[in-house]
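For reference, chains read A, B, C and D in written order, and residue numbers begin at 1 within each chain.
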Amino acid sequence: MKDNGQPVEVGVSQQKEVKVPKHKVWLRNEFVRVGLAESLCTYVMMVFGLGSVAQVVMGEGAFGQYLSINLGFAVGVAMGVHVGGTVSGAHMNAAVSFTMCTFGRLAWRMLPVYVFAQLLGSFLAAGTIFAVYYEAIYDYSGGNLTVTGVKATAGIFATYPAPYLSLFGGFIDQVFGTAMLLLCLMALSDQKNKPAAAGSEPLAVGLLVLLIGISLGSNSGYAINPTRDIAPRVFTAIAGWGADVFRSGNGWWWVPLVAPPIGGVFGAGLYKVFVEMHHQPLPEQGGGLAVDLGDESPPLEKQNNT
Amino acid sequence: MKDNGQPVEVGVSQQKEVKVPKHKVWLRNEFVRVGLAESLCTYVMMVFGLGSVAQVVMGEGAFGQYLSINLGFAVGVAMGVHVGGTVSGAHMNAAVSFTMCTFGRLAWRMLPVYVFAQLLGSFLAAGTIFAVYYEAIYDYSGGNLTVTGVKATAGIFATYPAPYLSLFGGFIDQVFGTAMLLLCLMALSDQKNKPAAAGSEPLAVGLLVLLIGISLGSNSGYAINPTRDIAPRVFTAIAGWGADVFRSGNGWWWVPLVAPPIGGVFGAGLYKVFVEMHHQPLPEQGGGLAVDLGDESPPLEKQNNT
Amino acid sequence: MKDNGQPVEVGVSQQKEVKVPKHKVWLRNEFVRVGLAESLCTYVMMVFGLGSVAQVVMGEGAFGQYLSINLGFAVGVAMGVHVGGTVSGAHMNAAVSFTMCTFGRLAWRMLPVYVFAQLLGSFLAAGTIFAVYYEAIYDYSGGNLTVTGVKATAGIFATYPAPYLSLFGGFIDQVFGTAMLLLCLMALSDQKNKPAAAGSEPLAVGLLVLLIGISLGSNSGYAINPTRDIAPRVFTAIAGWGADVFRSGNGWWWVPLVAPPIGGVFGAGLYKVFVEMHHQPLPEQGGGLAVDLGDESPPLEKQNNT
Amino acid sequence: MKDNGQPVEVGVSQQKEVKVPKHKVWLRNEFVRVGLAESLCTYVMMVFGLGSVAQVVMGEGAFGQYLSINLGFAVGVAMGVHVGGTVSGAHMNAAVSFTMCTFGRLAWRMLPVYVFAQLLGSFLAAGTIFAVYYEAIYDYSGGNLTVTGVKATAGIFATYPAPYLSLFGGFIDQVFGTAMLLLCLMALSDQKNKPAAAGSEPLAVGLLVLLIGISLGSNSGYAINPTRDIAPRVFTAIAGWGADVFRSGNGWWWVPLVAPPIGGVFGAGLYKVFVEMHHQPLPEQGGGLAVDLGDESPPLEKQNNT
């Protein structure tokens, strides 16, 4: 960090603003630059994720099983991290962006840019998968686009809870799944502990998402992401599945919106309290007290990878 | 790049031609050198890919499922990248070569060498898998080599569309699948963003191919590659499956030839427009305007890995 | 090692104690620091591991198969290594801690801290998974929490032997499984051989756990870990499954407590005798006799990763 | 290589012998050192590999499927490479050792040491798996140890051909499978091309073995390794399966002995002819003719990893 002098922070870096005159044109350009990257990486993740669900749902065993969906979202997230990369940080998840803002790793004024870009990418991905699998969906469902039933296809796009799950149980499920996501993301980016090796961050984040799908997915499909869930849900409401996508599961739709940001802050805080707060100062910095230097390190990627 | 002075470009590098006298003998040798490597890596990828399909089709569940095919092509591509490596760049796919030419990363005069080498490797791989699984194929099919039906074996070698798929739908499917391939390949090789770590490119490209198979494969078997598809198809036409390999699927055979190059250019362009165009100049290069420096970096491999 | 001068040992390092005055407050803080990290990483591993079993047991094929459990514990361990990291070394397993103490890589006085922290993390993880899957468990079992039978759910939390397995056979199974774990862990951390690459230790340890599950798991569920097994077993005894969790399998519960520490020391010793003892001194250290320098290198992580 | 001056060659390095006086005691010690490491790594690979087959064969779907076996041998090989590492090079396969001798990367006088060590490790692993799964085997087979039939268990230990396979077809299968193994191993260790990244060799070799199992395993179980196959076969002949293990499959047992060394040399030669022979000299070495420098680089591992 010292020999470089210019840490590339996720989102808009304060350091850059000092160097480049902060006139509105530049700022708008920065919004556009970050927003485009965040849109594209969310699009990439969602195309691969929703595509894998489509194959499993309609293939009925011939084109993969539940593990394929876990892999689809996992490697999809990894590719998204490569695409968004150091430009936007590739959050692809409003709960991640919200947590980063809460802990001072992203400026609050960037939050709307991230959320809008994620919604846009997610919506377009839903549309793309609908187009690519249009003939498959009509062949499978007989043209009857339903949210429930044996030939239901709404689950390709948004998440729906298991029949036994109450809204309260689902809320806990979503809070906890997102807490585990952010807890581990904090560890993967903690340069004073055992972070993901430089360059392997996309794979490490992908493995984390694989893991959540394998272990915390059966209750409600592990949305753990407001922008991932709501945009395709709105798309399906428009594209022919109708208002059932909001009514189904006792009005499930708001749970993946509200619970993940709460869980994200909770999980990241847990890591801070249990581990990060207790880091000792580095040896070469003298023998002072352990202080929390965590918010100096940008999330998910190293600073010197250019 | 600067301290080295000799970037090893994929294909024939202009820099080398300046140093080495450009007489015809040398150029022919370069063609042979690159062509042999491209043939061998395509052969390796195809042997492993087709072999995995053969096991799944004829094993009927006892020797892997759809995921095995995804893994076969994915890790097969990774091994191909190791084999072709820095000699040819290991495109193994005419759509990749065509896109590289379009964006100035490969000299157009090298394109025929790449395409011919890929066709040769792919054809020989089909012949090898036919030989290795000759007894298995005759045992499974009763000696009746067919393109359709319960004991069809033509799908081991070339791709065929699902019954519900129209030629138009299949064309979109192939354009889009290849677009996602090239979009992500551009990100994996973008040194100003979050590229695949030095040395991990083969694995990263393999994961990308796994992902496309898991999420975009059920419509038509994700050829996303003209040379991968046509050479084994011609082989099967000769080896006993007959003209049905061209008639089947409403004359499907030309779709994986025509759609992927279009999709490749589209996907790579998308990445350029959304991300690469907006890269800011590196700090040490002064505060100029963001310019597209993408075509200075060779695709898929780092320059300083020797 | 030489240019650094301050190897960061797992647990409390002797070197640090020389520098920092060894008053009781500091030591208690160190206990807390290490204990919190060890608790959290064990919690993370167990939540993901038990969660993956829950999905497979209650999903009946729809949410993963046996391989998902192998992946759940494998990647769960990898994430745990990231979380505990260089603070506690992320043993997450009393057999690992015991073996490290036996071979002088961890101070014996730290053992109770590790064991207590692991028990705490493991117990809390069992409680969390019970809470998250509370409705699922009651829906699946009809509220009848049993250890045996078609709808048995105790196996989500602790391990139980196969019907054919004797206590003696199970004891051998657990000794051997843990021996293979520690044998390979020694190799993965042997800096004079071919250790896991710097930064890839979490993945390498995860692959090792995957491997043990794939090849040595069917006899008794590969506990290979006292603290992983007993804490959730006690939890289930309290939470409604009753004393059957101790009676089942002919009183199986003590085997995963006693066998793994024995196996761990045996396996690590095997590696030392077959490989580590015979390492030649490094070239720059002159041509002396081969000596065992193994206990100078900390287990599981490199020394210069900060 | 230059700044180090002491390349650590696989097996016995000529360089060392110059420095250390070549008296018989040292040489015998070197034999023991290399032999012990090669035994242990072969043992590790085989325990994990055979264990994975045992679980799949006797679990009948409940403890993994064919892919688990592919993963068991793949990650088992990776762990073996960590264990044998830079001491023996971790061939674990007489066909690999034979090919290394043929191409001058291993001294011929070391070949018997490697073969004996591999046979020993492989035999002991078969015995261990028999002991660990003794009760499982007797429960599954009713104590009737057979080579063929629905409850056959000999296939846990050695390979047997599919019913349709002729000896000639199987011979081709084993030659070709081993050729692909060595072809890719040559690429993975070719420092002038795109080798496996330093430290990731174990994973890369494991992925290669996974790939061969996924694509070239259904004909005869991909032994591609004489020492892997014959030692467990002899063990089963002694342990109760009797002479059928040699009679079965038309006297199949000699094919995995004879074919792999032929295939190994063929495959490695193919890589040399197609790629390695055409490598241009490194830029800093002046513009001479392309020469084959391949045998200067040790197989499978980097030279500067200590």
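Simple rule for what comes next: a residue touches a chain if its C-beta (ideal position, glycine included) is under 8 Å from a C-beta of that chain, and two chains touch if they have at least 3 such contacts.
The shown structure was predicted, so the numbers you read here are calculated from the model rather than taken from an experiment.
Traced through touching neighbours, the fewest hops from subunit A to subunit C number 1. Chains that count as touching both subunit A and subunit B, per the definition above, do not exist in this structure. Of all chains, B has its CA centroid at the greatest distance from the CA centroid of subunit C. Interface note: subunit C and subunit D, two copies of one sequence, contact each other through mostly non-matching residue numbers (shared numbers fall below half of all numbers used). Relative orientation of subunit B and subunit D, expressed as the C-alpha superposition rotation angle, is 90° to the nearest 5.
Here the spacing of subunit C and subunit D, counted between their Cα centres, is 29 Å. If you average the Cα atoms of subunit B and of subunit C, the two centres end up 42 Å apart. Across the assembly, subunit A contributes 65, 67, 197-198, 200 as residues in contact with two or more other chains. Chains touching one another form the pairs A-B, A-C, B-D, C-D. Within the complex, the subunit A residues that touch subunit B are 6, 19-20, 32-33, 36-37, 39-40, 44, 47-52, 54-55, 58-59, 62-65, 67-68, 71-72, 75-76, 78-79, 81-87, 90, 128, 131-136, 138-139, 197-203, 301, 305-306.
Of all residues in subunit C, those touching subunit D in their complex are 65-67, 70, 162-166, 169, 172-173, 176, 180, 183-184, 187-188, 190-198, 200, 204, 207-208, 210-212, 214-219, 270-271, 274-275, 278-280, 282-283, 287, 290.
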